[in-house]
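Next up: some structures, all given as structure tokens.
Heads up, the next two complexes both have subunit A, just with different partners, subunit B and then subunit C.
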Partner chain A sequence: MNLHSILSILVFSPLAGIVVLAFVPKQAEKICKLVGVLFTLPALFLSLAIYFHYLAGKNLADFSVTHSWIQFRGFNVQEPVFSVAYELGINGFQLLLVVLTAVVATLSAIGAVRFVKKEWKGYFMLFLLLETGMLGVFTAENLILFFIFFEVTLIPTFFLIGKWGYFEKEKAAFSFLLYNGFGSAILLIVIMILFAKTGTTNIEMLRKIVADPSDPISGSLKLGLLISLLIAFGVKLPIFPLHSWMLRVHVQAPPSVVMIHSGILLKIGAYGLIRFGMGIFPEQFKMLATLIAVLGVMNLLCGAFLAFIQTDFKMVLAYSSISHMGIVLMGMAAMNQTGVQGAIFQVISHGLISALLFFIVGVLYERTDTSFIENLGGLAKGMPLAAGFLLAAGMASLGLPGMSGFVSEFMAFMGLFKTLPWLAAVGTIGIIMTAAYVLRAVLGMTFGQAHREFTGVFDLKGVEFIPVLVLVLLIVLIGVFPSVLSSPLHSALETILVGLGG
Partner chain B sequence: MENAWLIPLFPLVSFVILLLIGKQLKERSAYVGILATFVSLVFSIVVLFQRFFEPTYSAKFNWLTIGDLHITAGFEVNQLNALMLFIVSLVSFLVHTYSKGYMHGDERFSVFYVYLGLFTFAMLGLVISPNLLQTYIFWELVGLGSFLLIGFYFYKEEAKAAAKKAFIMTRIGDVGLFIGMILLFWQTKSFEYSEIFKAVNAGQVSGTMITLTAILIFVGAVGKSGQFPLHSWLPDAMEGPTPVSALIHAATMVAAGVYLVAALFPLFLASKTALLTIAIIGAFTAIFAASIGLVQTDIKRVLAYSTVSQLGYMMFALGSAGYVAGVFHLMTHAFFKALLFLAAGSVIHAVGGNQDIEKMGGLWKKLKLTGPLFLIGTLAISGVPLLSGFFSKDEILAAAWEGGHPILFLLALIAAFFTAFYMFRLFFLVFTGEFRGKDEKHVHESPGSMTFPMIVLGVLAIVGGYVNTPWFGSYLGDWLVQGNAKLGSGHAEGPVWIQLAATLFSLGGSFFAWLIYGKRSVSRDWLSGKGGILHTILLNKYYIDEFYQMTIVAISKGISYLFRFIDVFLVEGLVKLVTSIIQGLGKLGAKLQSGQVQTYGAVAFLGLAVLVVIFALTGGYLR
Partner chain C sequence: MSAENFLSINWSIMTPEFIILGVAALLIVFDLFMPKTLGRTILGWIGIAAIFAALMSVASMAGGPAQSILSNTFRIDGFSIAFNMLLLLGAALVMFIAVSYEAKDGLEKYQGEFYYLFLIAVSGGMLMTSSGDLVTLYIGLELLSVTSYIMAGMRKDHVQSNESAMKYVINGGISTAIILFGMSYAYGLTGTTNLLDIAQKLSTLSDANQAYLLGLAFLMLLVGLSFKLAAAPFHMWAPDVYQGAPTPVTAFLGVVSKTAGFVIVIRILLTVFGAAVTNGPGSAPIIINMQNYLAVIAGATMMIGNVVALRQTDIKRMFAYSSIAHAGYLLVALTTLSANMFYSIWFYLLAYLFMNLGAFAIIQVVTEKAGSTKITEFAGLYRRSPVLAVSMGILLISLAGFPGTAGFIGKLNIFIGAFYGTSHYLLAAIMIATTVVSYFYYFGVMTQMFFRPVADKSKLDIPFGIVIVLLVAVAGSILFGVAPNIAFNFMQNNLDIIGQFFK
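And now, the complex of A and B:
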């Protein structure tokens, strides 16, 4: 098979599922579910194939593909041609995110088999469209294409929340769309300015042009553009205080969508900040490093303290996501290899951990119709397996060594301790608070006396074991052998850090 | 020794097997765990003997690469590690055996062995780690094992609270270790112990930095070893099953803090301030915990406070530069305290789960084996001559005298008096007099699987001290410091009167306890009556928990609510403001398009009028 077409097949394979679903009758519940799960598999296999291909020592550049797509110029023939190409590519960082996306998407589809109770056809069509959008975001090699895929993720998510969510689903969906639309608008302006000034949106080209001393963009404009990027992706990540939309989404969206949302969609913010913010504007990023570190510590602490007093487990997890994204910011702000690697590890690790946690939340909600901590006390008696996995997920979340969360946290903190030790020291309060809120919530739900009789409560069963086992194994794998992530990252990080001069 | 890395893996295999098929094996799970730890024990003994004659062995491989930094993992068998391997695998094996009887009939029997396997794996991994990061990793994992086992009776609210408290309090300490470790890395560019010592000795690290990192790492040890002010989780940890208390909260994990300080001893030696801090905290904890132990009525809690106190003793020894003394006492304490806990478990087992010593008594006649064994433990811990505790305590006191802390030395002596007192109080209340509980008929001696481990430990509690005595030679001490003169001499030379004073104090404590609880010639409320307030304070453990509840817990809650206020009112308020401005503008726009022709006409006329006025005022066309 031609290596160049693999990425395109990978990205667009879920769309084939939409076509197939179009011919399936609405009432055919089983077939809809089957098709939905099956068509996440090609992307999974292809992404894993690329990963092992890479481990075998092959070059990732072989996979990049470029086709000319749109070209235009002004009336004057002398004016340069503006061209937007269809170009997909992959480096180690992108590869990890693509694998993460493919894994979580498949597991989320399996989750949806259990959690989605109506209109499976529409759900899976939107879901597959969303997967294409996410895969495209992580493989796009120019900003326009990135933006298009980025928008493609918004629309299906909006409908998935608004239609299949819980009681206040419409409100959550609108707030999701408004905030993210706001972020997109800023992003679009940044892209257009860059395009107009440089004549290209290719990320590699932009990196080179901006690094060139004779580049056409003034320093203050660059700083302005970076701050705009920080806001645009800050909404997505989210950075405190741009976070209130994601609380609603976490609580109201169906668990299988939150697995994707918390596991992958939030990570687009981190990906954008590292690849575009740090990658294209390294000088300016250095100037903002302290600010970003402060924002990171703020996120970490605010999230952790707020998670400590929530009564709804979903809210605990939502604030916990904010808190963990603070660690990503801290790692980035360290501006050294250790910190940035920690940030990327955290992105992957949190993707897996939050997917696991929300899957379990889905399981619990399905059985008990509640996710409030006090209503769930003593679950370990009736559902020992689910309680055990919940505890394992909680331990991963609080950064227990031997699991992925620790390696990430450790590197992010280690990086920041090198550059901003005092700030990092303040951040360590977050480590304690994380333990406090995770244990308060998890033990509150599983330990102690059962507060009420749960009728018809049964433990994990059948297909539900696939997501929990796969996720737990991956989390432990990364925790015990972190080189599974660090070796692909090596060269990708070098490229980013060359710009930082260290 | 090349295969020493296998030692932790046997319990890990047991953990995995039982995790997968423990449910099916039911009580046969015990055999898997016992076998695994037995193999570990055999390997450990072989490694220990090899280490007597061969030099230190270490091996490492690349674990994580960050740019040019290569972080390694591996294992090392030096004297301290070899000794710890032996202690941990021995106690673990004995506790695995003991639990077979103790946990018999428990619904989650196999789960118990799963957790035990996990803990043993982590503890053995901890003591062969050649670098700080790996130590930290296993350090946290033993914490997990401890957490799981404390919370084993998860349906009990007390167990839940105790497990949570243990995890969070030790984590506060761990953060100190975490920071210290990272700071040390950036100073020395390595997590390896050997590299760190090299850099410290070469003077590459500034004095302030050494003190700072040493104290931060010590904070980790404070959390793990239940030193003041992070001690209060340990007595609560007694909510776990008693074999767990023997293994984790007496012999092994809580000693990990002492081990850590010992493993990093060259770093601590480089900072006088750090050593003094350790000595003060250790000595204070020793007497502080012992004083609480005087009045507690729960058999396990008395032992728990005794553990805290004894760990303080070890820390005090290390802080007085008594490396050998600290490690020696760690070893003897592991034997006699594990013995005491197992014997206490046997007592609790015998009286049907009751732990209140006021409801025991007269058990000497019924428990023909447990009684004498408990007495051996009591004599050993009290420092009565000829038993193991006597030699190690003597070594500590000599080291302290040599270290030149006369006040701390005095505190340690008083603590020794307290120790003898509360231990004999326990012994007399449990084993002599009349039985004060119900159901005397059911009191029975424990099965062989429980008494066998106690007998082994009982023998060790007697003879364990003879490896390092002032009379027959300090074999252990000489071996421990062999090839590393920096650690100090193999034996602390103290004046003879120290030995006499120590003996006097411990015998005095025992005698006093006998007067009150054994012979009853002195009324029991003679003390509590006299110092009523003091007694209440001691009974309430100096109100430390209440103090934390009112300060730290309340403050974190307060901060949380402050953030919530910001989140709900400021952030959401700002969002509301923005949306309402936009909504207002929209409403305004909507109002303008009312569809009423009259309004439109009026507005048009008004506009025209304004234009005319401007036109008139400017006197002609606008220029």
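And now, the complex of A and C:
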């Protein structure tokens, strides 16, 4: 197979599933589910193939592909034509996120087999469109293409939340749409300013143009653009005052969608900040580093404190996501190799952990119709396997050594201690709080006082073991052999750090 | 004029107009002599054939040099070909909607009349597009307006339709008068009605008092034309007229008439005020001095259109405000006066044509069946007719400007213009912020269609004409969203708009 076409096939393979599903009758529940799961597999295999290809020492640049696509015409002849190419590419950082996306998407599709109770055809069609959007986001090599895929994720997510969610699903869907629409609107302004001023949206070219001292953009405009990016991706991540939409989505969306949402979609915010914010505007990023670190610590602490007082386990997890994204911001703000690597590790690690936690929540909700900690007390007796995995996921979340959470938090903090020790010191309170709220919630469920009989309730069974086992395995693998992540990241980090001058 | 002179005129460049007018005349005769028992729909199909013939004829002129006849009052240049194609394409789709419209409320007796009035309105729009003179522009405008007034009120037993026609006549009449008054200044200062002659005379203007008078003329024209475009604060007539008029007429007003409105705005404002200088040759043209007024109107139009649309419970009123908002986006392109202005306006109008006409086709099917134009009539449409619901979904996504659709590329074009050269940050920010606001009402319709339970379980039949409109609209929205280069290349290679516009 031609290496250049692999990325396109990878990104658009889920769309083939949509075409197939279009010919499946609505009532054929089993076929719909089967097709839905099957068509997440090509992307999974291809992304793993690229990963092992890379480990075997091949060059990732071989996979990049460029075609001319749109030329915006109409300017005077002597001026350049504004063109946007279709260009996909992959570096180590992108590769990790693509693999993460493919893995979580397949597992979420398996989850959906259990959790989705109606209109499977529509669900899987939207789901596969969402997968294409996510894969495209992480492989796009220019900002317009990135933006297009970014928006492509919005629409299916809106419908997935609004149609298959819980009681207040429509409200959650609208608040998702409006907050993210607002964020992407700001992003679009940034992209168009860069496009109109420099004539390109290619990320590499922009990096070079902006680094060039004679570039056409003034310093204050660059700072403005970076702040806009921070707000745009801050909505997605989410950064503290912009987070309320994400709580609603976590609580109201169906668990299989939350696996994707918490596992991948939030990570687009971190990806954007690292690749575009830090990558294109390193000078300005330095100026804002302290602010970003403060925001990170705020996220970490506020998320942790608020998670501590929640009664709904989903809300605990939602605040825990905010708290963990704080660590990503702190790692970024460190602006050194350890810190940025920690931030990226945290992105991957949290993607896996939150997918696992939400899968288990989905299982619990399916059996017991509740996700309140109090009502789930005594889980260890009723559903020992589920309770065991929940405990494992909880441990990973609070950063137990030997699991992925520990490695990433350790590195992010180490990075920040080098540059802003006083902030990092304040941040450590967050680590303690994390342990506190995770243990309170998890132990409250597994060993807490039983308020109900778990009679007639199944434990984990059948296909449900696949996501749980795969995710636990990956979490432990990263915890024990962090080099599975750090070796692909090496060269990608170098590029970013060169820009930072360190 | 002697016969020889008359024949020496190159009438062939008016072929498209002759086709439309000729068939309109034929339809009048047919309608008169056809037995009353026969259905008039066939006349509509003849009209469609005529529009397609005219479209072919216009398209065959693409790539040629600029030509003009009748002492430069009628001209064919890249601009007129490009926008005539839009008008005719829009007209053809509206006609398909019209032949699928089941006449009632007093329209039955006048169905034939409806089709030929429609053709005459289209010919008015085409005349505006191709005119090089204030007088022909004005005649074209009146031809279009007067027929539109009649069509809006054609449901004679329907109170709202009558109200809508009445409001339209009064508002339209006032605005036309204001336009004419503005034109008279330009004539008074130059002694000619020919646009290019006016432009040439004004390009050496150095008298500050005359520049002041021209500034007044500009404002007068701007106010009058803003009425026609339904731009804020002169938009109040639009929701009432859109709601009361029969759906095909609403579609016509919302798309074809609006396209014609932009044509006249560009022709007059750009030719006359783009050339008229403020202080001696080489100084800034009046249109640059007046940019702020345009910007205020554009900003206000986007804000009022999008915000008021949020509160609508009637789908046609909602689309009226939505079309006001879209006029605002188009005015942004006009305000920024960037080099890609023609292309971005043309492309946006093309995208707008597809998404709006498709949406109106669906609105007609749903509301006619339900007998009401409430947005709640769309509840559970996905269950009743998945095809209609998914098509509407795609068109709404295009209207909201999401990527993958023509609406997105259209907005992108306008944005590049807004940031290219002088950056219009505020205007762009308003445009994008109001776009986000628009998600709310467009997705509100989605909520009805996909999430809400169905009230009326009966199936919807989709007439043949509507099927065609939907196919074209949905395919066009996606095609020009994924491969906009098709349209850009066509423009670039065949139509030298900028080169021919000022010559």
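Here is the rule we go by: the second predicted complex is superposed on the first by the 496 of 502 C-alpha atoms of A that agree within 3 Å, B and C clash if a C-alpha of one lies under 4 Å from a C-alpha of the other, contacts with A are read in each partner's own complex, and residues count from 1 in each chain.
Definition applied: contacts are C-beta pairs under 8 Å (C-beta built on N, C-alpha and C of every residue); 3 or more make two chains touch, one makes a residue touch a chain.
Keep in mind it's a predicted model, so treat the numbers as computed, not measured.
Of the two partner chains, subunit B is the only one that A:R440 touches; subunit C does not reach it.
In the superposition on chain A, A:V152 makes contact with subunit C only, not with subunit B. Contacts of A:G162 after superposition on the shared chain: subunit C is touched, whereas subunit B is not. In the superposition on chain A, A:V407 makes contact with subunit B only, not with subunit C. Applying the stated contact rule after C-alpha superposition, one finds that A:Q337 touches subunit B and leaves subunit C untouched. A simple residue count on subunit A separates subunit B from subunit C, and the partner touching more is B.
Of the two partner chains placed by the overlay, neither subunit B nor subunit C lies in contact with A:T495. In the superposition on chain A, A:N375 contacts neither subunit B nor subunit C.
On the subunit B side of its complex with subunit A, the touching residues are 62-69, 133, 136-138, 140-141, 144, 151, 154-157, 159-160, 163-164, 167-168, 171-172, 175, 178-179, 182-183, 185-186, 556-557, 559-561, 563-564, 566-567, 570-572, 574-575. Residues 339-344, 397, 402-404, 408-409, 412-413, 415-416, 418-420, 423, 428-429, 432-433, 435-436, 439-440, 443, 446-447, 450-451, 484-485, 488-489, 491-492, 498 of subunit C are the ones that touch subunit A when the two sit in their complex.
The touching residues of subunit A, counted against subunit B in their complex, run 241, 243-244, 302, 305-306, 308-309, 337-338, 341, 378, 380-381, 395, 400-402, 406-407, 410-411, 413-414, 417-418, 421, 425, 428, 431-433, 435-436, 439-440, 443, 446-450, 482-483, 486-487, 490, 493-494, 497.
For subunit A in complex with subunit C, the residues that touch the partner chain are 69-76, 79, 82, 144, 147-149, 151-152, 154-155, 158-159, 162-163, 169-170, 174, 177-178, 181-182, 185-186, 188-189, 192-193, 195-197.
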